[in-house]
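Below is a structure I'd like to ask you about.
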Amino acid sequence: MAILKLTDVHISYGNIKAVKGINLEINKGEIVTLIGSNGAGKTTTMNTITGLLKPFKGKIEFKGRDITGKNTSEIVKLGISLAPEGRQVFPRMTVIENLELGGYTRTKSQIIETLGEVFDLFPRLRERKYQEAGTLSGGEQQMLAIGRAMMARPELLLLDEPSMGLAPIIVELVLKAIKKINKLGTTILLVEQNARMALMTADRGYLLETGKIVMAANADILLHSDKIIKAYLGENKED
Amino acid sequence: MHKLQIQGLTKRFGGLTAVNNIDLHMDDNEIIGLIGPNGAGKTTLFNMITGMYIPTSGKLFYQGQDITGIKPYKITDIGIARTFQNIRLFLMMTVLENVLIGLHTRTNTNLFDAITKNKRYRNEEKTSHKRAIEILEMVGLKERKDEYSKNLSYGEQRKLEIARAMASNPGILLLDEPAAGMNDNETAELTRFIKTLKNFGLTVLLIEHDMRLVMNICERIYVFDHGSKIAEGSPKEIQKNQQVIEAYLGKGA
Amino acid sequence: MLFQQLINGLTLGSTYALTAVGYSMVFGILGLVNFSHGSVYTVGAFLTLIFFTALKFNFFVSFLLSIILTGLLGILIDRISLYPLRKRNAPKVTSLISTIGVSIFLQNLIMITWGSETKKFPLVINRGSINLFGANISTLQIMIFSMCIVLMVSLNIMIQKTRVGKAMRATAQNSKAAMLMGININAIIMITFFMGSSLASVAGTMVGMYYQTIDPYIGYMAGLKAFAAAVLGGIGVLPGAIVGGLSIGVIEAIAAGYLNAGYRDAIAFAVLVLMLIVKPSGLLGKQASKKV
Amino acid sequence: MIILFISFMTLIPFLGFSPYIMRIMILSGIYIILALSLNLLTGFTGIVCLGHAAFYGIGAYTSALLAIHFDLSFVFTAIAGGVVAAFFGLLLGLPTLRLNGTYLSMVTLGFCEIVRLVGLNWMSLTRGPMGLTGIPFPKILGWVIDRDAEYFYLVLILIIMTWVILNNLIQSRAGIALIAIREDEVAAEAMGINILKYKVLAFAISAFFAGIAGSFYAHYASFINPQSFTFDESIQILSMVILGGMGSNLGVALGAIVLVSVPEMLRGLQEYRMLIYGAVLVIMMLTRPQGILGNPKALKIPRNN
Amino acid sequence: TSAPKQGKDEEIKIAVVGPMTGDSAQYGQSFKRATELMASKVNEAGGVNGSPIKLEIVDDKNDAKEATNVAQKLVSDEKIVGVIGHFSSTASLAAAPIYQRAQLVELSPTSSHPEFTKQGTYMFRNVNTQAIEGPILADFAVNDLKKKKIAVIYVNDDWGITAKDNFIEAAEELGATITAEEAFIGGQTRDFAPTITKIKGTNPDLIFLAAMYSETGMIAQQLEQLNYDVDLLGTSSLNNDQLIKLAGAAVDGLYLTNNYFPGNPDEKVQEFIEDYKEAYGVEPDQFAAVAYDSLGMMIEALKTSGPDRVKLRDSLVDIKDYNGVTGKTTFNENRDVMKDMIIMQIKEGKFTLYR
């Protein structure tokens, strides 16, 4: 059953139409990736799912419930969590306070439990527990943003370019973690610039181009599609 | 005499040593890579070079001139330009205006010229405008020149930042993760672009986590970990360096 | 005499401090200076007076009713004059002018409904006083001062330790991210306005009792001074508001007592300017760490 | 277009408006200069100045005192008023090296109060609350300005001067530098912009024109006292800028006209007047948060913050 | 100049200007109420030579700039033959040149600034200047109360400064010493504890207050809170029941000068108080009384001059011994008034005649 379903969703910024009628479905337990070049509308779509933006047309359903136009806080309480583009940490709060806020909708003991898991995944964050988030390095902030989204233990986790700014060794770690939490029952929607990596992690993928979905298929099919190879993977074959 | 020379540079934040006794140098027309795990101190080094942080100890020389502790705006004037890891565009200004600001240090009409709009002023206006358009063309943003920069997508904003930094016609260009937020194709395009910069005679210091980009274009690479330099050498050497693999590259690379 | 002047200054300062806390809270969350705060303070004082003298309620009932109604007024002000602007992402200064409009409106509304003449504010607390080192300290002075300290401590605990407090700080630092945490920022903003405004009512009532008179213009200078106090202490930092308020009160008392009463406000502002130049983020404010 | 407009303006005194209307127009003119000058500071540089009335007052007092005691020509006293105000602007600009945002606004507010209170208490210079009376009519090259039409032309000339100078300034590299500072100081500095220099410059130029407006006012009203240069006055000028649309010179000029005229139109309402005025202010902000001529696009969400 | 042609029952317009809003609005309200009372009385009795009086109440917020705007507006309205106002000397002074140019009478019930009537030939006032009141107060303090050490608290505006200067000059001439001279800013200062503490340190026998009633009330109460018992002396501006309502026992014993006394058994005065109370539910204050008389005099003058601006001025100058609620009034050659003054004292919550 589809846990998330977007039907003919249109999103615009004033008169700039960023997303022009997309249909998208994610089934429970899947990892789905959304790929596309700069400005295709990936972030716009993610922000709309979490209610930060309101679509001017179309319908968004989560677990069969219509959540179109609902407030972000309500949507989050229903079980969707986003690690946003550009990290958006709380700059003058410590690392641990940031993480605790990630679990705002949960109880204290639940928070403490998940906190341990996040720290195990990113030992650097444990080291910097009491550092103000605004003074963390770029990559450290990215770890914090991912960790904070995990703190909510959402049913659907949205990750907008989680690998951005992370060292290769950490990227590997994050991908592993994504697979792991997915196994534990979290559905994941992943936006990635690194299409190869995303498709290797995901079960299914959508290709977004200038606000429209142009391809939707299983990940390995996309990975071998000529169009994708040429436009997104091309070039790098040599190494 | 090196174009840029760094001697024993250190930066502490309270008890944390973010950059620890670093020596580093760059020569004319080199493209140098700077890599290392998250929080290794790479951005902090940039901040010291550009005068945004005052080093705890150590010295910086640009073309033999001591530039330690000089104000950021003077550093730019001297010839070092940068981009930011967290994009910092002038969001409420158009793409073109952003680049015009980049030209600030390379223009010199004074208030009197501006108020009277004299010939000198009008000539300079024309040349700056032309130059700005040229630069935008190079990064492929010419079509969007009148768009507010906040309306660009993440990737486009990155390109604009590079364009803006290039506008000051720097002796050294410091790029902090320029490929972050770009897909493989765009990264490839960026790779070509940075290579052309070299042909224009620019010297580039590049922080990047995208190894394909780094290995492709850098002549030499410095590797930091926990604020210290752990390796230095050609891409080939670095890729094989066991310490670097363990701390940074991981087995996937 | 110096000791007496210090006492005078601390009491005056406490009244600024109580008002400053409200400024500081709203600023802390929304990053905007709510210039209607001074008028809200006046409304608070008048409501207590009206309930007490015209409707003959018990004083504490009157006080409580005023606190609640003034709190609700705060929410109303936000809903009418700020919320629509926030929704449209208008620049912060726009909200500033909007709150100034509200302030002018409220002040004149008070004047029309209750008249512009100065009114007697009954002294409910026994006027007993103690003599300490030759200085005269009244019960009321002690009460105002302790109120200030209690509020400072409890509010600080609330902001730092409770869930609501954390949500408030999160909203202040990044409202978009706060929403993503599941925080209902509209509710948080309402709570903030309610608390800030009811504190203004507490301050207004206390000051009314202390001076035993009120008029529709009490909020004007009090508002300015409280704003100054909040900034001096480090705006958004609640203990800072208290420290700032007390400092300005003491400076004024000393200036009036030893220098020239005509210049007392000028001296207070001059010291404020100098202190800010020395410590640009206020006495207790932390210099925003500049990571680039 | 512009020429048409200006020639229309020159005709106004011949259209037989009552002295009262002429007075309102001349006052609007003064506020247009004030709003334009504040726009440089607030609209372009992003400094919310709560003390503009202080510069206005300093200009007024300087010019009035020079005229009363030395009987100098308006050209000289006005420039002197501007220069003295600019000097204080420069002083106030210096703390911007360390101060920002609300803290800086507070300093400007404090400055405004200090100037007013000094004006109120320095009896020997300013005659304190009694104010300066008998400020002579403006004299320019022997020509005495004492009729409404003449005042109207004088203020018109001052507006045009202010407008042209500020407009050219804003379009120049200095102007873009100011906007860049408003948008992101760190990035602006990385572009080679000397932040302190430009902020001080903005303060000084802004204060200069406010000082000129002040000196015109002093000679026009022939009576000034510290009451005319309060914090409320600063707020009034700031409201004009914001209502008109920060960063739009035409907008803030309109803002000035509106905020001078509205209270006049409401005068018949007696005690309800200010009540309505407050409400009007809120409603105007709500209907056009970006200001009358501000750019509506300025309201969209910045992507990264 | 010829008077505009006017029929018998065409109304005569008189403007009443004062602070209807702003922090002095209560004084403007007194103007408004008193003049409306007078106007309706006159109109009921058939108006001035058959023409009804029409008042135009205008707000100047007690602000100099607003005052000039108002003045300009009023002079443009040809129907207006005279102006009662403005309230403060500051506003009156600022507006004076405009009235003078337009030859419109500006009769201020309250402006006591010495310069005011020197601004031109159309300025009148219906209040003793401080040059007259100051010496009376000083004489009373030194010779009657036998107080030699006097502290002064004054409001830092034109009125307060002239009041305290005139008082101090006269008092020092009579051999008194001034122990302290402390200013406060009207409508702004509410906290007097530091000032009182300072004055207490100089140990005076009497404090002279050049202040309005609202601040006087606060000063008296704060004196009491600080347990400081000292004699107080104030000016006629304190003659307002509100003072007693506000400060109660704290102002008991306070002396003040006056020319309007509600306890005056004179029929005229009692009738005025009755009518005022009936119309507005409050007792008239000093400001109401002088405004009432000011309009009364203007109407008296209009009876001979007719609705003509210039003639009105000339006939106002000629008014002799107008018998109003504030006593007998005559304008001197400077268009200032000289009114007799009485001394009152507040006793057990009442204004009582002291001398």
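A, B, C, D and E label the chains in the order they appear, each numbered from 1.
The working rule: a contact is a pair of C-beta atoms (placed from the backbone, for glycine too) under 8 Å apart; a residue touches a chain by one contact, two chains touch by 3 or more.
Quantities reported herein were computed from a predicted structural model and do not represent experimental measurements.
By the document's definition of touch, common neighbours of chain D and chain E comprise C. Inter-chain contacts peak for the pair C-D. Averaging C-alpha coordinates per chain and comparing to chain B, the farthest chain turns out to be E. Taking each chain's centre as the mean of its C-alpha atoms, chain A lies 43 Å from chain C. The centroid of the Cα atoms in chain B and the matching centroid in chain D are 42 Å apart.
Spacing of chain B relative to chain E, judged by their CA centroids, is 74 angstrom.
Chain B has its Cα centroid 29 Å from the Cα centroid of chain A. Across the assembly, chain D contributes 117, 120-121, 186, 271, 274, 297-298, 300-301, 303-304 as residues in contact with two or more other chains.
Contact with two or more other chains is made by residues 108, 111, 174, 176, 260, 262, 265, 290, 292 of chain C.
In chain A, the residues touching two or more other chains are 13, 86, 135-136.
Interface of chain C with chain E (complex): residues 1, 4-5, 8-9, 11-12, 108, 111, 115-120, 127, 129, 136, 138, 140, 211-213, 215-218, 220-221, 252-258, 260-262, 264-265.
Of all residues in chain E, those touching chain C in their complex are 21, 23-26, 29, 156, 182-185, 187-191, 193-195, 197-198, 200-201, 213-214, 217-218, 221-222, 225-227, 242, 245-248.
Partner chain E is touched in their complex by these residues of chain D: 18-20, 23-24, 27, 117, 120-121, 123, 128-131, 133, 221-225, 227-228, 264, 267, 270-271, 273-274.
Per the touch definition, chain B reaches chain D in the complex via residues 50, 52, 71-74, 76-77, 81-82, 84, 86-93, 97, 100-105, 107, 109, 111, 113-117, 121, 128, 148, 150-151, 154, 157, 164, 168.
Listing the residues of chain A that touch chain C in their complex gives 50-52, 71-74, 76-77, 81-82, 84, 88-93, 97, 100-102, 104-105, 132, 134-136, 148-149, 152.
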